Every structure is written in structure tokens, then in C-alpha cells.
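There's a structure below that I have some questions on.
Letters are used for the chains, namely A, B and C, taken in the order the chains are written, and counting of residues starts over at 1 for each.
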Amino acid sequence: MSRCGPTSGALLPSRRALLAAAAGAVLPRSPALAAGAAPPRIAAIDWAMLETALALGAEVVAGAELVLYRRLVVEPPIPDRVADLGLRGSLNFEALLRAAPDLILSAPWYGRIEGQLGRIAPVLSLRIDQRGRPPYAAAIEATRIAAARVGREGEAERVVAETEAALAAAAQRLASRRGERVFVISVGDPRHFRAFGPDSMHGAVLDRLGLASAWTGNTRYVAQAPVDILALAQDPGASIVIVGPLPPDAARALPQSALWNALPAVRENRVRMLAPVNPFGALPTAARFARLLAEALA
Amino acid sequence: MRRHAEGSPAALFELAGIRVEAGGRTLLDGITHRFAPGRICGLIGPNGSGKSTLMRLLARQAPSGSGRIRFHGEDLAAIRPREFARQVAYLPQFTPPTDGMRVEELVALGRFPWHGLLGRFGARDREKVDEALRRTGTGAFRGRAVASLSGGERQRVWLAMLLAQDAACLLLDEPTSALDIAHQIDVLSLVRALGREGGLSVIVILHDINMAARFCDDIVALGHGRIVAQGTPDAVMREDVLARIYGLRMGIHRLPGTGDVVGYPL
Amino acid sequence: MTCNPGSRAGTVADPFRAGCAPPPGDRAIVLRFACLCAGLAGLGALLHGLGIRAMLDDASHPLRDLVVLHSLLPRAIVALAAGAALSLAGMLLQRVLRNPLADASTLGVTAGAHLAIVAALAFAPDLGGLSREAVAFAGALAAAALVLGLTARQAFEPTGVVVAGMLVGLVCASASAALVLYGGQYLTSLFLWGGGSLAQQDWGPAQALGIRLALAWLLAALLLRPLALLALDDAGAGGLGLPVARIRTALLLLAVVLAGSVVAQVGVIGFVGLAAPNLARMLGLRTPRALLVVAPVLGGLILLLTDGIVQAIDRASRLALPTGAVTALLAGPFLLLLLPRLSGLRPIASGTAHAPRSLARPWRSLTLLAGAVVVLVLAGLVLGRDRTGLALAGPSDLALLLPWRLPRLAAVMAGGAMLAASGCVLQRMTANPLASPEVLGVSGAASFGLATCIIAAPAAGLAAQVGSAALGAGIGLAALLDVARRAALQGSRMLLGGIALGALAGAGLTVIMTRGGLEAAMILAWITGASTQVDPALARLAVAGALASIAALALLARWLDVLPLGDSTALALGLPLGRAKLVLLTIAALATGVSALTVGPVSFVGLMAPHLARYTGFVGARWHLAGSVAIGCGLMVGADLLSRLVFYPYQMPAGLFASLIGAPYLIGAVLRKAGPRC
């Protein structure tokens, strides 16, 4: 009568065992120092931290909103054994408890629940998208900090190097288009777009590839501003890159729009469609965006 | 039980120069009058004559306009709400819906001025409620929902609540307006009996001049916000006075047997 | 639309027209109307003209001519057409239902259309081959059919219709919100708050709306005489040889089609259809002929002006507000202003004709209720889910899980109890069985207060958040009651004031969300997951708040016994009326504020619980309070359990489940009660 779910039986005792171990000081609290011990179990609330942890090869046991992650972030892929923690805005603490993490990776967005997370495991909260700070450098720093906490400093350097290599490769493929201006947008509905400004990760990648963000305006909502299509006409020389997914009704409506068709980029066939990319990503997103962009524009 | 014995030198209500205006209309235009204690006084007059406005002033339901009202010699506005409610009970013209409330629950609300918000509902309160139910003849349906009663029964129950309030003065705003003639007689007989037995002062608005003449000790007739006639039924039930009140030629007829006087439009 | 209007087409010398010829003040009315229109049109044209001028002068803009031609001009036309279509729909609904408050938004029609589009996009992104418009129309029709079907038995009694419409609309809106959030569209989610946008990029929507408006207007014009006759009651109109049912159905369909088209093209734009015809009536225009011309003109101009303002704000500050939210923001105060002038509304009779029974042994029922709540609580503590299925926690698991489940359950119960208690207070104070923190917009005001606090001081502690939520609730409630008192509002008008307040608070929330940023994400997280993210400190505060407010109300029960009998009786019994109301309202506002933090903004517990308690037969104030609290606790515990289990590990807002559980029962109860009045 005590349990009817096998997983709860499997996970909860292990959690208890870990707690007991921690209480008995057999397992050091700082996983980074525990050389030789089992790798620390990581739960990631924030997607940028989730992709970072996966890229570092950490032992990720849980992540938030994985259904949507698989659709929108795609890379690095999520192993099936990773438990889903539910919506980011309405995190399922019980699922997190069952996952029994040793470290929770979070971001300031989740400041409201940080105290709660701290009841389950230590929390590392890092922010990549922050006004006035170049996101690429911030992502490198965050990767290193996270790696240090999970005892994988070497992996951090590998990830940084791989990302640099990916950016360099993409920059080379796009060498002929140096200095061109690009609108990077995602489409909300047929009438609303979100433009990524220079202070977003996408903007930073453009910069690294020798391209320029055509959207220079006051960007809000963390480097994304809902703008009317009008804004895209302001720079006639710029190309347009649409980051997926494109909502079906927008895909239907746009080709019929007189204004859309009048945009120089559309007239001159300078619009490219990209597969989905995490809008608030870290280094893996930078590499993915650079690769997709190079494939699309080259 | 009664705090102000008959024969008290102070009038029940004493009004001096009452004027009320609302929305550019003069509702009461300089009323000066003394209501005597221990009597049943009928307020009559055509629609819009200011009867209800006057009664609402007496019951402190509306802020007074200019002028002065004294109750037993005291400034009306200065009396504390619960103290006033112990002395004056008021029945509005349209009694509110009572939802699912039962008769005895409604009547027990009349004890609020005595026990207040937190005081105990004691044996004396229970006694008063029982007495009120008995005197109004509503004890038989004390457990029924007020909303399930007929109009006449409901009016009796409300009177019982006023009695439980144990006030020496009752202000009744058209207690018979929604009743058929038999129930009108029934309710007004009850009012008169209660007034006589308990020595209560009653001021009652009535639509029907003949009912007022039959059940009241005094009649005050209003017209256009002024008192146009006052006195005993005999003094008011005269052709010339009625014509003045209603602006209409009226005949009168003294009934054989009872000696009551009735008026009728010609 | 199958009511052969052709035979009624001849419209020249028409006796009914003569019958409703304008009164002698005719000239003055026309003059006033002309002035108003000229003012609106002038301002609107000026603002749009400024926008166009600014665009044409912007030499750096290569597409400026095209932008003016394909975006700004159609936008102005769409504003005019959408405003006109909504007012025509509102005017028809008002006429047909003989209800000055009917409107596509108050009847839940726009929310239904919106939900249909959102759901279709979520589950069948290609809309199954249907057009957006067809989907919107289906949703609008379903909502209208639901509301009208529910109220048909009471002959579409005005307040009943509006309340049923509001319930249907709120449930639709919260379902849309959940769908949008579960689609992961955090960024576009501000549109879920009803922010229709008029931004255009071609003439398609303008054309579509224009054609539909013209056709609908012609049809309505053909049905002018029946429309005039519908002012009589059914028997009267029927007696004059009118096929009342067919005409009514045709006109309703027409209105629903119009509203559905507008939602499909530009999203939810509320209250224009309510404001314009009523404004026309306030100007003294009463005949259907005059209204048919005037209401659409006014509605179009109102929306034109509003959109001009929105664009001007956007140009000045790049703050792209959704026009729909701004109309609601402007409509709120207008509706409050309008209320005292509205005539022809009867207050809700609270049970005179058909008083619900009163329990002979309330103790027994209360014990049963309490027992049910205890069972639910135990279930809530023991039941859980993991990846494989339902999991019953054993004693050892409980040791781990209880520190999580207990605070959450306690907070949710406390939230439900406080909402129920304040609902009970408001229902008794206003003698109105439909009053509640949610219906009176008090919950919305609390949410707005909380959102303001999060925006102004993101780091503020729990106490500050609770305080600002309570302050918001208090200010909202005080404003509403002040308007109510000055206008001698009873029953139904009070409800409408509440709807206006709720719209105002919702629009304010949308505007705050539009600012975006970390703070908006925090607010969104609270809206969707308040009850799921409760921490022990909040739980303790909520429980303390619930105990304190319920204890205080139990002590004040005698006031609550007397107040339903109205101010007259309360005064006559020596109740310190002003003080009593102030104290009770303060408690209600505080309780609502605290509960908003734990339960979130969407729930009808404050409406449902006291009503259900009343309907069960808890009559006296103490019993009513106790029953409401027990039912409120039970509803929230059940809803929270469902929220945890149904889509594990994803959690739907518990308030949404509470509304889904309670709304059908409540609608049924409301109607049963009002039924015999027709």
C-alpha cells in the first residue's frame, strides 16, 4: 500500500541515501572537490544553462519544459533519461525532488523561487542576457563558472574552443558577405515580429561573423522587441533572417502581404528561413546559430 | 421597559423650519410641527407631497436639511445610533428581501440595538422575541422562511421585529401599500392595538385618508412639502380641508353605527 | 440570416418611424452628435495624419509611400471598420436582447472566438483547412449559443445574460491563456490579455471587414422595422405579426458574425460595442433608425481616435501598446461614468420569488462538508505522480514530500478560504448573490497592485507584495463602492461597475506586461503558477491571514446578518453603518490581496463558494461564512490536486481548474434561481 510507482521507489530512497551521506560528511558538499566520486547530478531550470551543462557533458538529470526545448532549442539533444520539470514559469518541485540533483543551474529570471530551489540543492544562478554586457563574453564566463562547479573545467575550455571554431568556420563561409547588414527576426503572428538587437546573442554572433545587425533600435524584452513590419523597411540594404519556427498562419499570410512583398529584401530574394534557435541561448546556441546562418546565407 | 412615560413635557418629535432640497426641487418647505407622544399619528398627502422625506428625516435615514429636529427635547442628530434604535423603530415602505431567513431569525435581529455586535443573546432577548411573536400573532410560523409568507403575514413579521426592538416609538412608512383591503385592516388594527396596549407612539404614513381617519388619533396632511392640515380625524375629515389637501372636490359621509367618517371624490 | 428581409424592404412612409420621431429637442441632439463626431473625427484624423506626415517626412525611409499606402491608411480604415462593426454588433445585441449592456465582449462572444483561434493554432496549426475567420466564427457562435442557451429560460434577463457572458468569457480567456503559455509563447503572451492589435501590412483585413460591415449594415437596415418592434416585449411584437424567434435568431447571428470577423482580423477589442451605442443613447438618440446610423459612426470614430493615441504613444516612446488593451483601459472609466445614467435595468431580486431552502440542521451539513475537505486534503497529501503513473506516497516518502506538499496545500486552502470569505462578505453587504472579489474586479485590482509592486521594486519582500496587492484591492473596492454609493447603484449596476473595474485592471496589467523584461517574466510566472510556487513563508502568511480574517468576520457576523436587509434596516437597527462597511471592506480587501498571491488572478472561488454555500442552505451569516470557507477550501484543494496530476509534470493554473469545476454548477444555480422571474 505504500507505493505504486516504481520510479518513486527507485528515486526517493536514492535521494534519501544521498542526504544521509551528505549528513554523514562522507560525500563532500562541493561536488567540484569530489574527484573520483560519482559526477554531480545537475538539474537545469534555465535553457541557456541546460544547453551549457549538456555541452559540458555533465550528468544532467532534469531540465525544465523539455517538450518545448526539443522543438525550439534542439541542440545539444536531450537524452531520454533526463526528467522533465514542467513549465519554467510553474516549476514542478516534486519532479525536481525526485530527480535528486546535487546542483541546480538557474538564472535570475527565477529569482522568485530561488529560495525554494535552495531547499532541494545548492543553486547556481547565472545571467547571460543582461543589458550593457556583451552576451558572448557573458556566455563564456557562465560556461567557465558552471564547469568549475561541476568539476569539468577542462570541458569548459573544450566548449569555448569548439564554439570559437564553429564561429570561425562560419565566418569563413561568409567571408564574401562581410559588412552586410542583417535583420534577425522571429515571427509571432502575421503582424508581429521580434527583432534581435546587437545586445542579443544572435546580434553578438552576427558581429563575430563580420555581419552587422540591421536592427539597432531600442531593444526591449531582453534584446527582443515586438516591432511592426514597418521597421524592416528602414534599412533597404539589409537581408532578413527569420529564426523558426514560423507560425503556420504567418507563413500563409506573409506571401499575400503587399508591404512584405514590397520590402527590398523580399523583392530581391534576400530573406532566409532558419531552423529554430534558442532566443536566449549560451555558447551551444551561438555555434548553432552561426552554423545555420552560414548554411542559409552562403 | 419604557423610558419616557406619557405626560413627559417634551414632545416626541419637535420640528422647526425643516427644509429639504434635492435636485433643484424643494421636497420639504419649512415644516414646523410637534408630534405628541403616546398617540397614533397618520401622515397623509398626495404623491410627492414629502411624506416619505419627512419620515426618513425622523428615522434618521437621510441627512437632515436645514432646520432643527428634537427628539424628547434632545438634538436628534446627537443621539448615538444604538441608543436611537432602542427608542425609535422604523419600517421602510419596501421591506427588503430576506433571502432564506426564518421568521424568528428576522425578529431576533430586532434585538441588535440591545445586545450589539458582541453582546450575548440572553434570556431577556429571547423573552422579547417570544413576546413580539405572540403579540403579532406570528408565533405559529416562527420556523418558516419569511419569503414563503403572504404579504400580510410578512408585514406582521416585520412589525414583530420592530416590537422586539422594544422601542417606544414606531415609524411606519406605508405599511399597507402592498396589501389587499382585508389585510390592510388586519395590519392597521394590529398597529392600533399595539399602540394602545403598549402606550407606544406611532407615526404612520397612509395612502388612504379613510384608513387614516379610522385608525389614527391625529392626522397631519402634507402638500407640496408643507403641512396643509392637521388635527384629529374629525377636524381633517371636512369637505373644505380635503379639497385643500387633494386639490379635488371631495364629499364626506358619516357611517351609521361606528360613527367613522369617510371621504370620497365627487 | 434566413428571414426574408426582402418583403420589408419598402421603407418610405413608415408609421413606426413617425411613432418614434425624435422629441422637440431634435435639433439640439443632432447638433450635439455632430459636434461629438466632428471632435472625434478631427482628433482621430489629426493623430493619424500626424503619423502619416511623420512617415512621409522621414526621408531615410525608403518605403515611406508604400508604408503609408499599405500600412497606415489600411490601419485607419481597419480601425474605422472594426469599431463600426463592433458597435453595430453591440447595437443589434442590445436591441435584440433588450439589454443596454449586451455587447460582444460582455456576452463572452469575443473571448469564445479568441479561444477558438488559439486552440485551433495549438492543436491544428493549419486550422484544418478552415480560414481564421471560420474558426473565429465557430468559437463566437459556440460562446453565444452557450450564454443564450443558458439564459433563454429566463427570457434573457439582462443581468443574467451579462453575468453568464462574463463567466463564459472569463473561462474562455483563462483557457486561452493556459494554451498560449503551454505553447511556450511567453513573448507573444501579452496578446492573451485581450490586446487586439490594428497593425496592418496590406488591404486584406480592411477589405474583408469593410465588405462584411457593409453587408451586415444593409441586412440590419432591411430588418429595421422588426428591430423597432423588438423594443416591445415578445408578446407585443408577436401580436403585431412578427416572427419574433426567427428575427431574433437572424439578428443575433448577424451580430455574432460581425464580432467573429473582427476577432479573426485584429484580435480582441473590447467595449467599443458597449460604449458607442450607449453614448448615442446618452446623446438622446433612441430610434433604431438613428442608432443604426449613429452607433457605427461613433464606434468607428472612437476606435480611430484610440488607435491614433496608441500610435502617437508608440512614436513618442516606442511603447507598442496593443490597441485592444487601450480601448479597455479607456472603456473602464467610461463604463463607470455611464452606469448612473443607464436606465431600464432592474436590480437582481435576491431570492424574493424563490428563496433557496434553509437547512434544518446546518451542523450536519457543515460536518459533512468538513469531512469531504479533510478527505480531499488527505488525498492531496498522499497522491502524486511520477513518470510512470499515479503514485501513492508511503510513510517514508511522505517524510520527504510533506515539506513540499503541506505548505502548498495550506496556502492554496488559505487562498480559497479567504476568497470565499470575502465573497461572502461582499455578497451579504451588497445583498447581491453575484458579487465577489472576482466579479467586482477586486481580484484584478489586487493583481494590478502586485504587478505594480513587482515593476517598481522587483526586490521587494513578501510583505511589500502582499501590502501592495491588498492596497490595490482596497483602492479598487473603495472606488467601486464610492461610485455605487453616489449613484445609488444596486444589484446589477454594481456588477457592471465591477466588470468595468476588472477590465481596467486587466488592461493596466497588459500595459505593464508590454514593458517586458525580467519583471514581466516574473509577473507571468505568478499569473500562471502562483499556487505551484508557494514557499513556506508565503504559506504561513496566507494561513495566518486566513485565520485572522475568518476569525474577525465570525466576530462581526451580526453585522453580516443585518446588512443583507439593506441600509435602511441596518440604520434603523442602530448599526454603525459607515464604520461597519469600512471594517468589513478592509478585511475583504486584505483577504483578497493575500489570496491573490497564493491563488493567482484567475479563479472564481470567491464567487462560487459563497453562492454554493447559500444554495446548499447555509442562511445565517455565521453558517454562510463557515459553509463558504469550507467549500472554498475544498474547491481549491481539488483544483490543486488536478493541477498537479493531470498533465504531470506540467501544471495548469489551479484557478483554471477551480473555474472549470465550479462554473457549470454556478451557471446552473444562477439560472435556476432567476428562472421563475419570467
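Keep in mind that, in the parts below, a contact is a pair of C-beta atoms (placed from the backbone, for glycine too) under 8 Å apart; a residue touches a chain by one contact, two chains touch by 3 or more.
The structure displayed is predicted, hence computed values, not measured ones.
Visitor: Does the chain-touch network form a line, ring, star, complete graph or other?
Guide: line
Visitor: Name the chain whose C-alpha centroid is farthest from the C-alpha centroid of subunit B.
Guide: Between subunit B and every other chain, the largest centroid distance is to A.
Visitor: Can you pull out the chain pair that has more C-beta pairs in contact than any other?
Guide: Ranked by contacting C-beta pairs, first place goes to A-C.
Visitor: Per the centroid of Cα atoms for each chain, what is the distance between subunit A and subunit B, given in Å?
Guide: Inter-chain centre distance comes to 78 Å.
Visitor: Report the inter-centroid distance (CA atoms only) between subunit A and subunit C in whole Å.
Guide: The separation of the two C-alpha centroids amounts to 37 Å.
Visitor: Centroid from C-alpha atoms only, then distance subunit B to subunit C, rounded to Å. What do you get?
Guide: 45
Visitor: Would you tell me which residues of subunit C are touching subunit A in their complex?
Guide: Subunit C reaches subunit A through residues 60-63, 66-67, 70-71, 121, 125-127, 132, 181-182, 184-188, 191, 197, 199-204, 318, 320, 384-397, 400-401, 403-405, 458, 515-518, 520-522, 524-526, 528-529, 532-533, 535, 644, 648-651, 653.
Visitor: In the complex, go through subunit A and note every residue touching subunit C.
Guide: So the residues of subunit A in touch with subunit C come to 1-8, 11-13, 15-16, 65, 68, 71-72, 83-95, 97-98, 108-113, 115-116, 119, 188-192, 194, 217-218, 220-222, 224-230, 233-234, 236, 247-249, 256-260, 262-264, 279.
Visitor: Help me check something: in the complex, which residues belonging to subunit C touch subunit B?
Guide: 349-352, 355-358, 431, 555-556, 558-559, 561-562, 564-566, 568-569, 571-576, 614, 617, 619-620
Visitor: Looking at the complex, which residues from subunit B come into contact with subunit C?
Guide: 59-61, 81-86, 89-92, 96-102, 105, 109-110, 112-113, 116-118, 145, 147-148, 165
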